[in-house]
Amino acid sequence: MENPIPDYLGDILDSVRDDSSGEIPTYIPELAQADPEWLGLALCTTSGHLYSAGDDDVEFTIQSLSKPFAYALAIESAGMDAVVDAVGLEPSGEAFNELSLGEDGRPVNAMINAGAITVNQLINGPDSGVDERVEMIRDYFSRLAGRELEIDEKSAESELAGADRNLSLAHMLRSYDIITDSAQDAVLSYIRQCSVKVTVKDLAVMAGTLANGGVHPRSGEKLVDARVARLTLSVMNSSGMYDAAGRWQARVGIPAKSGVSGGIIGTLPSQLGIAALSPRLDGSGNSVRGVKAFEELSDQMGLHLMNGVGMSGSETVRTIEHRGGDSVVVLQGPVDFSAAEAALHAISGRKLTGERVVLDLERVTHTQPMGIAMLGEGLRRLREGGREIASHDPRGFLLDNELDDGTLVPDVMDLDA
Amino acid sequence: MENPIPDYLGDILDSVRDDSSGEIPTYIPELAQADPEWLGLALCTTSGHLYSAGDDDVEFTIQSLSKPFAYALAIESAGMDAVVDAVGLEPSGEAFNELSLGEDGRPVNAMINAGAITVNQLINGPDSGVDERVEMIRDYFSRLAGRELEIDEKSAESELAGADRNLSLAHMLRSYDIITDSAQDAVLSYIRQCSVKVTVKDLAVMAGTLANGGVHPRSGEKLVDARVARLTLSVMNSSGMYDAAGRWQARVGIPAKSGVSGGIIGTLPSQLGIAALSPRLDGSGNSVRGVKAFEELSDQMGLHLMNGVGMSGSETVRTIEHRGGDSVVVLQGPVDFSAAEAALHAISGRKLTGERVVLDLERVTHTQPMGIAMLGEGLRRLREGGREIASHDPRGFLLDNELDDGTLVPDVMDLDA
Amino acid sequence: MENPIPDYLGDILDSVRDDSSGEIPTYIPELAQADPEWLGLALCTTSGHLYSAGDDDVEFTIQSLSKPFAYALAIESAGMDAVVDAVGLEPSGEAFNELSLGEDGRPVNAMINAGAITVNQLINGPDSGVDERVEMIRDYFSRLAGRELEIDEKSAESELAGADRNLSLAHMLRSYDIITDSAQDAVLSYIRQCSVKVTVKDLAVMAGTLANGGVHPRSGEKLVDARVARLTLSVMNSSGMYDAAGRWQARVGIPAKSGVSGGIIGTLPSQLGIAALSPRLDGSGNSVRGVKAFEELSDQMGLHLMNGVGMSGSETVRTIEHRGGDSVVVLQGPVDFSAAEAALHAISGRKLTGERVVLDLERVTHTQPMGIAMLGEGLRRLREGGREIASHDPRGFLLDNELDDGTLVPDVMDLDA
Amino acid sequence: MENPIPDYLGDILDSVRDDSSGEIPTYIPELAQADPEWLGLALCTTSGHLYSAGDDDVEFTIQSLSKPFAYALAIESAGMDAVVDAVGLEPSGEAFNELSLGEDGRPVNAMINAGAITVNQLINGPDSGVDERVEMIRDYFSRLAGRELEIDEKSAESELAGADRNLSLAHMLRSYDIITDSAQDAVLSYIRQCSVKVTVKDLAVMAGTLANGGVHPRSGEKLVDARVARLTLSVMNSSGMYDAAGRWQARVGIPAKSGVSGGIIGTLPSQLGIAALSPRLDGSGNSVRGVKAFEELSDQMGLHLMNGVGMSGSETVRTIEHRGGDSVVVLQGPVDFSAAEAALHAISGRKLTGERVVLDLERVTHTQPMGIAMLGEGLRRLREGGREIASHDPRGFLLDNELDDGTLVPDVMDLDA
């Protein structure tokens, strides 16, 4: 069977294809050479499945879509405290060329240019040369995308020539001692970051990595700390779509970031990374057809951060079986608070008749510390209540997890089916 | 075994108990009589499990925590268009007593008082008397809580006497023709809405209903349209925590609303409703210990909207079994886009050797239309590829779902285990 | 000879008469009954000459033109400190219905409604009844106009019925403890202040009193302290014309205040009070033809605060004559710093050949303390230099003015012409 | 007799001398070398008398005090329309380093840096080299001061090195197509304008020229068009003192401009130019002791724009005498609207018994067109009423002034005393 999902994506593209409104921005000469008809869409699940449709192999410069990834890299490079000290977390409610800082003298967030130039400077340390910093960024983006990405140096050069807004920002940031590089270098470094060439497929995978708690959905490589990925998505959600953040959150409900080359990326935490391309922009600087495609994705596919009918923890407990003298509690999937709650609820609410209660974690995919702690506490209480306990935990999720009384849960290697 | 979750909640309360900073507001005489030491916490899962700790039976007036629920009721009562036309969707970034309207002449969102007074007026139509409107609200809140709630009329009366800010807002709204009731009536109606008496347990259940797509997690009654619940949560997320919306989203990551009586409610869509009570407020008008308790919940329990390690769709496919000549694909849990994607991916990626492919939906709990459509399309393509298809669908999820070619999927009543 | 000035005023009215743009505001029913064709202009010099043209006997409600006069009365009534503490001095740059206070929590100035309601409350003390306060205002305005003015109680009543904006302001001011009267009383008191009936001739005389340092230009009665008049004009200049203060100052250059009934008053300190009436208003709430008339007055008649070719002090010294053994220095007009400087310059720069130097102050009209002190110091130095000194000072300007050495200047009753 | 006015100025300096609060700014290295104890004051009357005290010969860089004079020069150079189109007229209410433009996309006024850089670019045309432009400015400032001024090129150089704020502004202005020079050139040109070296005596004379309607008070040379001087003073008044414009206007009442080198200039139209120097600045960037000295000048000397006890027109009519068959009306001083009004009032109100009415203009010092037109109209009406008319007008004020009926007033060469 051919998977119909690419066809669904194609249908979405078809439904927005005829909208020829909007304009390609002319202030960056290289951008003006984009084909206004380009139209592409890609989607990468956290389980690593990548789907795409339309112009999914067209390379274009990443522009502002680089901001969340550079933000994550800056935190990895300079530490979370340094980054949060330098750049705020509040939505700006302002247009993308706004020059002002927040009342506390910092760029209000990392998704506007003032914040993004500051973030760029935090990568590879204050003494880094421009070339080293840009190479570090290019390499990181490449690992996120899963292939070697290149910088469009010609585009960077042409953008630099008309970079008065960014130079204005950089001089302002210097005047407040927020950055120390020369304005020219700071803008050059930022513009080259923006000139990395990507496809919608690259972007969907990159966004999927953020959705997957920082783990690359295809290679399984850990590229972003889970807390950093979480913070990055929070900032995208509150500040990524410029001056219509509230409406976007209500209408589309997918944390997103748009860029001047016509790209939009979105993420649904734990589910998906998404990317669209269509170069004509609306008055807010967002891709006209890209916005519409996201609206369709949200509407038709029910992709919305606030959807209440998703997975709850209740599917964690696959079954409770009695085998020999054991009551075997079989868990599956990731074990977070909700999942552990469901397990505890099942255990505490049912009569477990076996002499021994065995927790079968063989089918568990990920764990969060709290989920493991909760399971451990449940086992401890069972034992306190006079039951023998054990686990079947071939991947060792409970291995380092002493119970509150300092003992470990004995593990059972083989469980009869 | 005694479920340890109430103990966890108690631990969180203990960790914040000693913070005696903040003040009980004095401008509402009845509020000043709250016991500053009250401290309670409750949590309701979307599967209906309710846990609580501390002062979980103390009744207090709901105050601004009424705003999201009244917003949902107004949409049910007046229609989404009328409500979205009257009140904006953008975060205010402003203090809770701010008088100004947005540039478009509307209250900027429904979580500030100007918006909430406007929303209140949309309930039960413009010609409704105050008593009828308030009774409609009290009744709706009671159904959300699952018990009959009462209005603290004495508190309402005392609040009305010092209601200059709200009267100022109501006169302003009248001057812009946004409301038509007399200012006195509009404020009376709003203040009585704010005077419904609740406990943290009530609030956790009410919030849990929003988290559960509008379905009451304990009774299963459908109280809020799923789209309305989603919109309500979006607005809470972008605007519920006054002037620190961005930091709250990044730090806590739980869509929330706070109130002047010291309550805070939070929701994690598809997972939980949460409520805390502690009457002393910080300078922003939020409960000091309530905020801390939410920070702990987020930190310790990993409850954060942007967490990437949650349930993805990959747990949907329980197994693919071969029984007789059938390949039986067993799905479980809710079937949304992600779940259906996982199923399609499994089907299209594997060699199904049986003559007939049977989709077993017996363990499916909820469905979204897109998820069902995707499964249907997968079956259609299998048949197109020469396979016989069938479903085992005792709850009838596929019943109304014609395939693209107008046929229905034949159902198999009994499947051999 | 018939004075041509009324004809000049008539010419100005003719030049703006045909502009029928603008609208009579409808939110105050009584205002809507004004004749849109009314067109009047009056001008009162500080020497008391009153000229007028057009509908100069039409009575209309004073509305916001009452603000500067009530401001002056509030300072007389409550003291300058109390008034300046309660209401700021900064231009608002905002529309006339703006609800917000300044960052310091006070109304930004006394020319916007929030400030004017606050100012009204400062008249006759916080315990004053509305009737007593309003009578005090009516009486004061009558003395400024030089005739008994009446309140249009019917207009006040009709305005009160639709006074949501002002009621909103009053409730807000109460919520900040800026006023203590009930909102209803505060607005009633303010609206009745606004309902005093005046003509453009009344207003020109009232404005002329402010221009004349608080001395009624016709009766000579001292009605406003000079410092209060000065402060009032400063506030009119920076804040009187709503959101176009800078352009008005540059283009027209006459400190002014406009009102919703179509009146505009202006003053040129030491020179003139001006008033215009034409009921149709522009989008900023200013009388369309009134604004044009002021532009013409400024352009054609050279009436502009920043005009450099006006009276300097150099005309003070009428002559220096030698009579008998005296050198008689004849001064004329008002003696302020500039005038005294001119006198001192003349005395110190010339060879005074007489044995005695006599300062003839018979033609001096007003004095400021510094001007008198400077003249005294000049005389003292002349005596120190060996000259005999005396004054001819029938009005006693020097009477209380001891020289620095404690002596008085001997006075000469008769001077030979 | 020694003129006591320098002593008065010295007294003012003494009264503020001991205030050692405030700081010398360090961001411009050359400024940091100023002696913090410098304290100087100078005053120049429109009649050309120059008084000074303290460090009145210390040269310092003019900095922002250059803004009003460059504004006047830009209008002379590019025309009023071009300048008013490029830069707004509204007070900013904002600090001196504010980066934002007004809502119309223009710098809000010419007294903030964004406006001043724009104004500088309008001098000598868009194609002017920096050197030519700066020389034009230096030459103009020299003529205003009445001596050759020099540029402190070393200071300019040191300022350029730390000019991030101004470079930020220049890039922003370029990005909005408000200026076309390179950012580097625009800032260099502006900084060199700011580096002209002046003393308080120079500045008092320069400000005196603006006060005198553009006529140099000492040389009598016409350097600024009267309308341009008027506009420049209006802008200084509404926007010269940064964020306290309203309080300054109320408290001091002298249109003023302050600069970072510790200077403040002030003007009272038709009366005075004033300049103070004291390098330590307050938090708003204004000279601490300079501000105090201006407050003293306003308080003690009664120098306030809104003072009502100044010269009114009533001193114009020196006398009406009967000589031979003539009624001779002797006028003196400048003849503006107010003066002409006084003359017309005198003529029309009195019984002139002579056969002929002669207007004696020998003592008139200046005239405004409206004043002359009014006198002419008065004469015409007298003749129309049957009187013979004539003038004694040795300076020819009436020469080009045809009466409304096309005739000229016959002139009488000699008048018997």
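Chains here go by letter, A, B, C and D, matching the order in which they are written, and residues are numbered from 1 within each.
The working rule: a contact is a pair of C-beta atoms (placed from the backbone, for glycine too) under 8 Å apart; a residue touches a chain by one contact, two chains touch by 3 or more.
If you're wondering where the values come from, they're calculated on a predicted model, not measured in any experiment.
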Remotest chain, chain B as reference, centres from CA atoms: D
CA centroid of chain A to CA centroid of chain B, Å: 24
Rounded Å distance, chain B centre to chain C centre (Cα mean): 61
Rounded Å distance, chain A centre to chain C centre (Cα mean): 66
Touching two or more other chains - residues of chain C: none
Pairwise touch network: line, ring, star, complete, or other: ring
Pairwise chain contacts under the document criterion: A-B, A-D, B-C, C-D
Chain C contact footprint on chain B (complex, rising order): 97, 99-100, 164-165, 167-172, 174-175, 183
In the complex with chain A, residue positions of chain B that touch it: 1-5, 8, 45-47, 49, 88-91, 93, 109, 210-215, 226, 229-231, 233-235, 237-239, 244-247, 249-250, 253, 255, 268-272, 300-315, 318, 332-334, 336-339, 341-342, 344-345, 347-348, 365-366, 368-371, 374, 377-378, 381-382, 385
